[in-house]
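Note that the chains are named A, B, C and D in the order they appear, and that numbering of residues resets to 1 at the start of each chain.
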Amino acid sequence: MNDVADWWQTAIIDMEPGRIELRGTPIQDLIGNLSFAEMIWLMVRGDRPSDAQARLFEAALVSAVDHGPQAPSIAAARMAVTCGLPLNNAMATAVNMLGDIHGGAGEQAVELYHQVKASPLGTEAALDIWTSERGKIIPGFGHRFHSPTDPRAPRLMEMVSEAVANGACEGAFATVGREIEETLARRKGRPIPMNIDGATAVIYAELGFEPPLARGLFCLSRSVGILAHAWEQQQQGGRNKGPTPPKYRWTYTGP
Amino acid sequence: MNDVADWWQTAIIDMEPGRIELRGTPIQDLIGNLSFAEMIWLMVRGDRPSDAQARLFEAALVSAVDHGPQAPSIAAARMAVTCGLPLNNAMATAVNMLGDIHGGAGEQAVELYHQVKASPLGTEAALDIWTSERGKIIPGFGHRFHSPTDPRAPRLMEMVSEAVANGACEGAFATVGREIEETLARRKGRPIPMNIDGATAVIYAELGFEPPLARGLFCLSRSVGILAHAWEQQQQGGRNKGPTPPKYRWTYTGP
Amino acid sequence: MNDVADWWQTAIIDMEPGRIELRGTPIQDLIGNLSFAEMIWLMVRGDRPSDAQARLFEAALVSAVDHGPQAPSIAAARMAVTCGLPLNNAMATAVNMLGDIHGGAGEQAVELYHQVKASPLGTEAALDIWTSERGKIIPGFGHRFHSPTDPRAPRLMEMVSEAVANGACEGAFATVGREIEETLARRKGRPIPMNIDGATAVIYAELGFEPPLARGLFCLSRSVGILAHAWEQQQQGGRNKGPTPPKYRWTYTGP
Amino acid sequence: MNDVADWWQTAIIDMEPGRIELRGTPIQDLIGNLSFAEMIWLMVRGDRPSDAQARLFEAALVSAVDHGPQAPSIAAARMAVTCGLPLNNAMATAVNMLGDIHGGAGEQAVELYHQVKASPLGTEAALDIWTSERGKIIPGFGHRFHSPTDPRAPRLMEMVSEAVANGACEGAFATVGREIEETLARRKGRPIPMNIDGATAVIYAELGFEPPLARGLFCLSRSVGILAHAWEQQQQGGRNKGPTPPKYRWTYTGP
């Protein structure tokens, strides 16, 4: 019997009939006493944030909820609803799309920050090593749409500065982020400003989240916009809506 | 050109380079000023909750985050990670499972409450109509594991009472829920207490959320536990873990 | 121990180290002796088709593989690839979209045929009952794009006639389908011809497949087009491609 | 208008009302004339296989349809059905799980074969390079369950030999596969035989499929077993079935 019960092991939840404990605390003592953001922190890490940490964490979660129906994930949620899917399946379809290219920049930026911070060679050389190993895209900097500035990044960095002043975090990753930004501007001869992924990555790194969690937390955050758009589409109706109006269809390139 | 831009329409987000407005407010004015729970409310509804409404809403979101690796959704997240999926795909796999039976009870309970509340025939007769149309399962009441009481429900209902006292909601759906509970107990000769789906459905109905959103918000809430378990599994390792230890496999029932 | 091994039960597969039997036959005796279509039949039903049945079954599978990037499922597969998803996740994202509206028409048409066939009141009355219970859309007839005729349906019905002549099936559901077509034409004063879902539903019903399998087999068939488009997109490249060219975005309808 | 129509481009399908052409042939000329396996080949590659190529291709597709409810994908399909998901969503949930570890071995094995074949240093050295770059697992060889021999592999390799004799393929990748098998046996002092992924990878490589298609085609093949198991579970019933019988639950490892 033990080998069966041992097959799945977790330090997150303990349970018997009438008792549910999450990270060691009965669920009824969490309900009403923790904010949703604090509960997220508790669940993924096992400890609780200070008020100042929770405030910074919450800012990151709030910032990334939506980027409109042009984003493949949001578009997928809306299309899925017009195919008759209920909200859980529409949300799953959309979250599934948050892959390396659509949802992975935050994770990659945290990795970049750690690599630059740990390098004894300085930011310039560390960036060169990154580029030689991982390609020319520097995750977290520049934005193909929000030019020159992604409005979310400066606001988030302002909150990081406030958090450093409050002692909620040290600021070492904020410094790394700013150094990368300066280096890129110098190299390109024009600003390549930090975008939302770069800024949330600073926050997640400052707060001690491992790189993969930057992606996981982005998925939680974007799930909010996904739900909002799926629900709006459900109210609008529409059946089997493809990406573009039907008359445009696509271009055939075959023989 | 207009027919293309008109193909997708939304009142949720407006955008141009350097500007993102969500529900009419620039994103930089939301970051740091709204809690994550308030942001969820704003995104799916377009207005903002009062403090007392936000407190009640947050309690519902906190209560449903996890029910352990025995739940198909949590198990799926953990199995997906051992198949090599990154967190976005593992989360999607799990959220996809929150279908009518696993994630739909809250939505069905809100529908039930509305139907009972609107019935001129009283709770008894309204329950009979529900059963004749929708089957013998009364969504939101009884729990196959937490017997006699799901510890989340009484705590949530306590918070509803507090919210009624504060004027955050009217209490009409709480009354309906309690009447259903009493009716079921009388009929069965033993308590069939409200469970978490019944209690969160009271909250979502009190706060004016449409039934499908009870499922959507449950998906958001459970996504937290899904992320926590997926991440824990990623740290544990394990390759290609099936549901049970390999030696048990399954029972072959064919010829 | 038995309760664990009994938790999952199947008549499909039996296995021990070095032995795999599918539906009672060692896998090595199936490889090279069954076509892929025959294997599909064996797996979902447990028996083997005659050659004439296999030929008809294969026609249905071949007919539904693709309907272009305007279909939400195919679009989703291509978008998913530009988000960095590997083929398994891109395929899953697309198949997930084959819900009641996008992938359910075949299943609904099989249900309709059974209901009409079983009705003692005749096709006219049976159609009225269907409409009153299930809404005005008659699954399997008419096509918003292929007007007047979906080229796949006449070819499939030609093969059904051939199969009836060969004794591969009886033709009762083909008759039902044609009666519905005639009734609709008479009512509307113009042809509402059978479409691919109506024609494959005739085939699946003739061959004795239950209604849900019409959807399941459509998912298998469409998975072929999904894979082809996902792979083509992977070769084309493209990063984070939304539904329309970026400059069109969407129409904001809020305040 | 052109930029919209050009947004999605494909050489797979051309269409206008009443006309559907796949890879340049009207769909009605494909129905009844191509087997399902030949249609798969045509869709993903654009050309048609010879009879001998089709026979070998079909063997690979048939061989991988199922490995029982212990496989995470099959388990996920069955669990999904007990959560109330229709077949399309259950199939998607399962196919999603065919990630690098569960569904990627075939793709990796094709990469390995190409790398070994292209290496001027010989199989021994090429294997060392693979291990140093990609880790100690040699994809396609050894099986944790089927010991000593996966019964699918020898049968598939027999068919490759037959195909080489028929001129359907050259046999160069079969030779590479056998050399790897011999090298591993010599190094370990015991047989580490080719498994199903190694054998299907030989076939896909011999037939000229790119590595990612080995995964994509495996997803198509396994979708058959996924559908069969999902449908069987739907007929069995069961609500919210977790991985193990409820009484075993899991082991709590927290404080």
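As a working rule, contacts are C-beta pairs under 8 Å (C-beta built on N, C-alpha and C of every residue); 3 or more make two chains touch, one makes a residue touch a chain.
Given the structure is predicted, the values throughout are model-derived calculations rather than measurements.
Among the remaining chains, those touching chain A as well as chain C are B, D.
Comparing the chain pairs C-D and B-C, the larger number of C-beta pairs in contact belongs to C-D. With centres set at the average Cα position, the gap from chain C to chain D is 22 Å. Chain geometry summary: the mean Cα position of chain B and that of chain D are 37 Å apart. A separation of 32 Å divides the Cα centre of chain B from that of chain C. Each of residues 4, 7-13, 15, 68-69, 75, 85, 89, 92-93, 96-100, 103-104, 145, 241, 243-244, 248-250 in chain B touches at least two other chains.
Touching chain A in their complex are the following residues of chain D: 1, 4-15, 23-24, 46, 85, 89, 96, 243-244, 248-255. Across the complex, chain B is touched by residues 4, 68-73, 75-76, 79-80, 82-85, 89, 92-93, 96-104, 144-145, 239-244, 246, 249-250 of chain D. Of all the residues in chain B, the ones that touch chain A in their complex are 3-4, 7-13, 15, 17-20, 22, 26-28, 30-32, 34-37, 39-40, 43-44, 55, 58-59, 61-63, 65-69, 75, 78, 86-89, 91-100, 103-104, 145-152, 154-156, 159, 212-213, 215-217, 219-220, 223-225, 227-232, 234, 236, 241, 244-245, 247-248.
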